[in-house]
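As structure tokens, here come the structures.
Two complexes are shown next, each including subunit A; its partner changes from subunit B in the first to subunit C in the second.
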Partner chain A sequence: MATDREVLRDLWDGKLPVCFVLNDEEVCDLQTPEAFYLMVPRLSYFPLVWDKVRKHFIKHVHADHHDMEMWLDYNGTPLKWHYPIGLLFDLYAYDTQLPWTLTVHFEKFPENILLHCGSREVVESHFMSTLKEADALKHKGQVMNTMQKRDHNQLWLGLQNDKFDQFWSVNKKLMDTSSTDGEFKHIPFRIYCSDEGPFIQKLVKPFTEDSQPKLLQNLIEEIFPDTCKQVCVITHGIELSLDVPLQWMSEHMSYPDNFLHLCIVSNTS
Partner chain B sequence: MATETEDTAPTKPAENKCEEADEPGSPTDKEKQLSRKSKSNITLFFHATGNTPILKKRKMIVEATRKIAYVSSFLRRYLRLTAAESLFLYINQAFSPSLDQTIENLFECFGTDGVLNVHYSTSQAWG
Partner chain C sequence: MNVNNDNRPFDWKNDIIFRVQQRNKLQCFCYQDLINSHNRLFDQANALKSENIQLEIQLERLRKEGPEGHKSVDGNADVRTATNEQLLVLEQKLLARQEELTEIHKKRGENAQMIVDLKNALSEKDKLITVKDKVLTENITLIASLKAEIQMYETNHQRLQDQYQLLQDEHQALQLTASKLEEKLRKTQDENMELVERLKRYKFKDAEKMNQENENFIRKRNEKMQKELEDAAKDMRGLSPDSFRDCGPISFSPNAIPTKHYLHFDAHDGEVNAVKWSPVDRLFATGGADRKVKLWDISKGSIESKGLLVGSSAGVMSVDFDSTGTSIVAASNDLASRVWTVNDQRLRTEKSLNLCQIFQENFANALMSNNTYCYGLTIRTSD
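== the complex of A and B ==
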């Protein structure tokens, strides 16, 4: 079970300053509206924090577009709302100066790139599905299946309302390894390379066949058997040491959806 | 889950080799059964859940790089669902994969006996 509580708390408290600006072409006033600034939790999702942004900009766009779905881009890359905010930043903007400037759109929804998100319920169902998938990898889904509906709600409400204790009082059950000899069956992780493309997800056990704990280095070697170059792995804005044990990482550095979201950047040094 | 994004409505369903198929083996010891090298084509088995009609052709071979959205839009056309009707897909009888998840990732993690079992339903089945 997760024991290094300070780590959990520090990651939970991670926030990013974001500067939202309306796409020039969509401004229907004579004057460009002022930018809108927000501190957003890294672990959250944009649709959970952008109500105020929408309210701020909607009066400056043409009335025909008032019912349109809002979406964001960074430097021309549309941002997937179903990725956690911290992951999007690490993936596309890791070396950018803060605040992180994002462009707000109401028109020309990029159907081929983004999923639609009509309401918070869509985010909730995505989040709960991802949690179930992670539990299927860790405990064959047994923990999520034996939880009551109110536990599921508590996970969601804890994340939505930024309540660390509420979330972790239930999430600790998902991180529990006391009945499985201190290890998960498999480590839920997704690896993202900065050059677009889909993420990589595979079955990786936390221990080797002779019961040695696997390290991040071992994971990288399993996923990229042919690369010999050094890679730099980033999550939560932190460059990870390659000798971190996978089991510890999974318990302490997973996002609330219980997946490790790891970004690979090629090492230039 | 009625929304679809990538790979919408391919116009040539004949490309998907569909065959009659028997019930696939029971899901045990998936790791031993999985081939270690990545495959370029992956076999899907469809299982109807709830009141959803059973497909005559239950097997589909699909490129590994395709996304779940592709399978979803294929099934929607095959079942002749209208835009207003929902279609839920489930892996492991447990969770709905994200529409932009690749078939390859799902097969790597949840494939059994060389196939990926996909349950489908027009009503919500597993939360």
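== the complex of A and C ==
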């Protein structure tokens, strides 16, 4: 178990160096403002960490846009704030040179691609709803429903303030399998292909019918039955070997929203 | 990485831990210190910048104060700074006072403006009040005049009512007299009826008397005729019987019985209903079914029309002259009798009363018994 906890801790500590740059067209000062560097936790969301960035850049944009919503793009791709930062990095910038350079925008909000994010409450409600969805898949929502409002708050504050112990003291209840014979009903996962399009989500049980634990290999075969080519599954910035059991993955490698966010990269390397 | 995989081929858990640690080493640790120090430097730079700005401001201020401070140089730096500070405080106070003053001035201006506005409003209101007063007085005079009018009308009304009362009284009095008069009228009418009745009676008596007279007259004529006839018979006895034989057993004197007509003429279009001799002249009147009465003269030996008496609206059944021969009366089938004067041949009276008819009928009956009527278009008159 010590090693399992080690995995959780290491995953939690995962951070990314990000370099924020203001969009050239929006600069209204004589000289472009300096880039802003920040270490951001992989498991967090951008709206939770970009307060300083906004404060830094807001001085350099036109006064008319001070009240506008801030948004980010990487190489022209607007970044969805409701994905965890680590997922965004794995999805779009897995093999780029660090630090990860993002462009900050205040104007021309891409209404068709991004959701509006007025405040942290919006992020919180999105996070909680995802959490509930995951629990519904795992325990038919029973654990989440028996929790108190205080526990929900603790989960959110643990994530927001980057407190591993605070978060996991509640989250371990969600990962508990003692009431269901050591297995979840279904594995909450989302699979993202690097090309554009919505993620893939299916009902997949952690064990086969003859109660053999399913491996990542089985999951990939289930999702892509007709692709024979080798695929590369990436999560938390690492390539996974395909013989990891799904149950263990779900318990230990899920993001704070209790979903496994897996990126599929065609194995060209 | 591949090397690691080879070293631990199937231990996926250790592999993951290793990879995660590797990742953290690569992505995290090598940048963490760098970025942290960068952030620190960034913050420091920002802090220094703001400090710099503050210092500049201070410097500026000191420069301003510099010359002032130099004036009051007494050699004692402490005193100078103290006075400077005092000066600063006083200046600030002064500034505050000035601000207050300007504020007060502004307020005063506002108040003055307000006063002016209020004055304007007051004068407007005054104007309004005067206008209203005027209207009020007008209305009062109007009311007074209307009251006077009402008074006048009331007196008028009173007078008219009095008059009306008077007229009603008069009317009543008149009605009383009228009813009295009506009663009188009824009485007089009754009287009149009585008188008419009496008149009728008298007339009837009159008629009877006339009938008697006529009868007498006829009887006398008959007697005369009989006498004449007797005389004639006596004469005949004086004649020789031979002469009687020559003449035949029955012979009449040509004087006694007319054998040929003396004149012959058409008198009327239609039947001739009545003829009558005038008692004075050689005149006679005829009445016919053509509703006319005609006067004829035979004094010259030939027939000559003397006049045409019109007025009857039906066939004339009987005519007669009065005893003096000046008037002529005709009875007609239209239930009326008419009287004309002979001289000017004008209608004098027309009676359709029963009384007259009765009279006329009696009169006519008396006549009919004496005259021969000829129902033809010719009339014969003996010579």
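By definition in this document, the second predicted complex is superposed on the first by the 265 of 269 C-alpha atoms of A that agree within 3 Å, B and C clash if a C-alpha of one lies under 4 Å from a C-alpha of the other, contacts with A are read in each partner's own complex, and residues count from 1 in each chain.
Convention: a contact is a pair of C-beta atoms (placed from the backbone, for glycine too) under 8 Å apart; a residue touches a chain by one contact, two chains touch by 3 or more.
Given the structure is predicted, the values throughout are model-derived calculations rather than measurements.
In the superposition on chain A, contact is made by A:Leu137 with subunit B only, not with subunit C.
Shared-chain residue A:Lys202: touches subunit B; no touch with subunit C.
Contacts of A:Glu6 after superposition: subunit C is touched, whereas subunit B is not reached. Of the two partner chains placed around the shared chain by superposition, subunit C is the only one that A:Ile238 touches, whereas subunit B remains out of contact. Contacts of A:Leu157 after superposition on the shared chain: neither subunit B nor subunit C is touched.
When the two complexes are overlaid on their common chain A, residue A:Val27 makes contact with neither subunit B nor subunit C. Once the two complexes are overlaid on the shared chain, A:Ser129 sits against subunit B while remaining clear of subunit C. When both complexes are aligned on chain A by C-alpha atoms, no subunit A residue touches subunit B in the first and subunit C in the second. Of all the residues in subunit C, the ones that touch subunit A in their complex are 1, 5, 10, 12-17, 19-24, 26-28, 31-32, 34-36, 38-39, 42. Residues 3-4, 6-7, 10-11, 13-17, 34, 36-39, 98-99, 236-241, 243-244, 248, 253 of subunit A touch subunit C in their complex.
Subunit A meets subunit B in the complex at residues 80, 82, 111-116, 118, 125-126, 128-130, 132-133, 136-137, 141, 144-145, 152, 186, 198-203. Across the complex, subunit A is touched by residues 1, 3, 5-6, 8, 30-31, 34, 65, 67, 91-92, 94-102, 105, 108-110, 127 of subunit B.
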